[in-house]
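In what follows, a single structure is set out as structure tokens and then discussed.
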């Protein structure tokens, strides 16, 4: 398996004049490193505001350049993305890398027919004329398990349910058989019953096409059987990474433990759901020490003094915690 | 009780410049009798259509009247009339809006229906029709424009009221036994005031344009009184020879209306900025 | 879609009714004797006055008078101007083509300028270009349309001699030259609102999720702008179309007066100036009906363009 994506020292910050008093710059991503092999799947887990969406959008350069500062290296198939012109990025988007967004209702153009929007993606990637692109898109509709594909093809987004729309979005994203698919919280806006179907669709398609996957989510439960590796993000940094099953069974970072603890589990009916007390640090903040310290139940003096670096704790496992070696944390079996 | 802080808005540079311009123009108009070098109606046929000189800063018109003085006095008429239109329509519109928004009920339904239809029609056309029915003259023009501007203000105040009346401080007031009138005028109104102020500034601009239009058509001020619109109408006869006769009042109108619009926009922006905090 | 059309058509009826009542009331509200007013306010012979009294049934009750008048209006008879010795409907029919041409040219010019400018301003939001365009729109909005007209006459007709200053010609194509200045003046006045709406619409569209999807698809920027964003950005234009039509009508009246164009606007103004009540009534009723119909047409067009509306 070759290396598909390599991110080094990625930082993303936004200008925010409304918060001039606090420095006016929101630092969403504070230096992350990631490596993804082709055909690999990685979960990027974190609460809202952890910087995960900002990080993946930076890969596709979707941020507004007038307000956003992106630094660091992003290499896709060895090519450095930050050095590319907008034109070259246009060639990469949709073709090498694709994205599925969180809310399908607002992510599709309300005044164009859904079928046409899928056909647009098809024609862009395969250079087909309108008719052939539509025919291909119709086939994809059917294969994705959308009922009465001919009828729905001609309909508008507001006539679809969220689940159906998300299927269409997935088709659009995969139309060009990209090497990497980024799914940014693809199921958060959907009903629980539909969530599983969507995740399975992504999984099926990606196996068929050999696409690598970055699955961004705040829900540890989603992660379990869907990805080979996982990385946990907190306050703009990766605090733990490793093989998903290992991480879930035995987390090395207190935050990961907290996230797993918070999952509702069978057999715990009647018990209060566990939460992690406190709030994540503000994006404008520059406190010394570990960003999780204020909320960590294992905090000690050194934690407040120095930011822990992401280091290798075991093969394939990395964690950013001063006390990682000493702590014996609980996971889910 | 006031829900937000004082109404002093943080103004941007454009707003300040606009404010200064408006104040300057208003001052000139108020002090026209003292500042104007000549009596605006004084005819001096010997110096008809004289170009600008030391004697006449902007020259004279066809009847030898000093243009600068006419501009100052004309501005007085225009601005005063606009003030009346805005004052009347705002007073009536606010009262109606408060009642409709706060009390609701059949009064609200009736007013809303009627005003929705009325709002669709352009102000000036309605004013022209009223002029047709009741005769020409500045009083009629002011009255009809005031009436025509009311629906917009009513709608604005009404929607703001609908929002405010659901807020805790209104309930608290009711619990304390305050009368509806008291709640409406002393509590809701101050919170609605910022939005209203913006509309007032913009309405000032529009009323100047509409009044000038009516005078231009000969249906507003009647001679011998003159305002900027009437001056524009007069200027048409000597357009080729003395274009400044049209450009002076025209530019004056433009500058004042731009100032009011800028001021209103600036106010709106600073109110929105404050609300976002 | 058809049911929407039928519903809106029905809503037209009460509005027209109210308008006609109001127009009817104009003459009756005045303190003078209606017969004298309808005769044109001058000294008329008793015979003429008697004829008027009979025709408009002035002796009968108000509702009956209204019915007589409204009935006539529906049949196309809007009364007769004794002053001008012509039937009002024939005058309107004569002048209508000119006014329509003026309105059409103004609308097209206005949109042709406002939409591209709005798109450019939005695409370069915050830049100097954006500020210049916005300032230009503000100046255009704040200038009375008759001033723009006069300046236009001064520059293009007198100084440059490119275009005729007043009046109109024969037929559609010759009129084009005569109507260019007036429609430009009118368009300038109207474009501020369309420009702002287009700009705001584009800014919102450009910040939307579906535009993000379009970019993520790898669509070239131009396609994103024109195919995805613009289509959505133009929709709010329909919402303000009603306001625009109002501006348009007002402006038409003023512009026709300023440029001496023999359209319906100047008919109305001259009628008001000379207190020619049959003309005032007929022209006003026509203008109101026209206004309501155009509004209806715009609403229908809106429903045709935005699929979400058809279900409300």
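We call the chains A, B and C, going by the order they appear; numbering starts again at 1 in every chain.
Here is the rule we use: contacts are C-beta pairs under 8 Å (C-beta built on N, C-alpha and C of every residue); 3 or more make two chains touch, one makes a residue touch a chain.
Owing to the predicted nature of the structure, the values given are computational and were not obtained by experimental measurement.
Listed by label, the chains touching subunit A and subunit B alike are C.
Looking at which of A-C and B-C shares more C-beta pairs in contact, the answer is the pair B-C. We define each chain's centre as the mean of its Cα atoms; on that basis subunit A and subunit B are separated by 55 Å.
If you average the CA atoms of subunit A and of subunit C, the two centres end up 53 Å from each other. The geometric centre of subunit B is 23 Å away from that of subunit C, both derived from CA atoms.
Contacts from subunit B toward subunit C in the complex involve residues 117, 120-125, 128-129, 131-134, 205, 209, 212-213, 216-219, 229, 232, 235-236, 239-240, 243, 246-247, 250, 253-254, 257-258, 261-262. Within the complex formed with subunit A, the residues of subunit C that make contact are 126, 208-210, 212-221, 228, 231-232, 235, 305-308. Considering their complex, residues 15, 18, 22-23, 25-27, 29-30, 138-139, 141-147, 150-151, 153-154, 158, 242, 246-247, 249-250, 253-254, 257, 268-269, 271-273, 275, 277, 280, 284, 287-288, 291, 295 of subunit C touch subunit B. Residues 60, 62, 66, 86, 90-95, 98-99, 101, 103, 106-112, 120-121, 124-125, 156, 158, 169, 172-173, 176 of subunit A are the ones touching subunit C in the complex.
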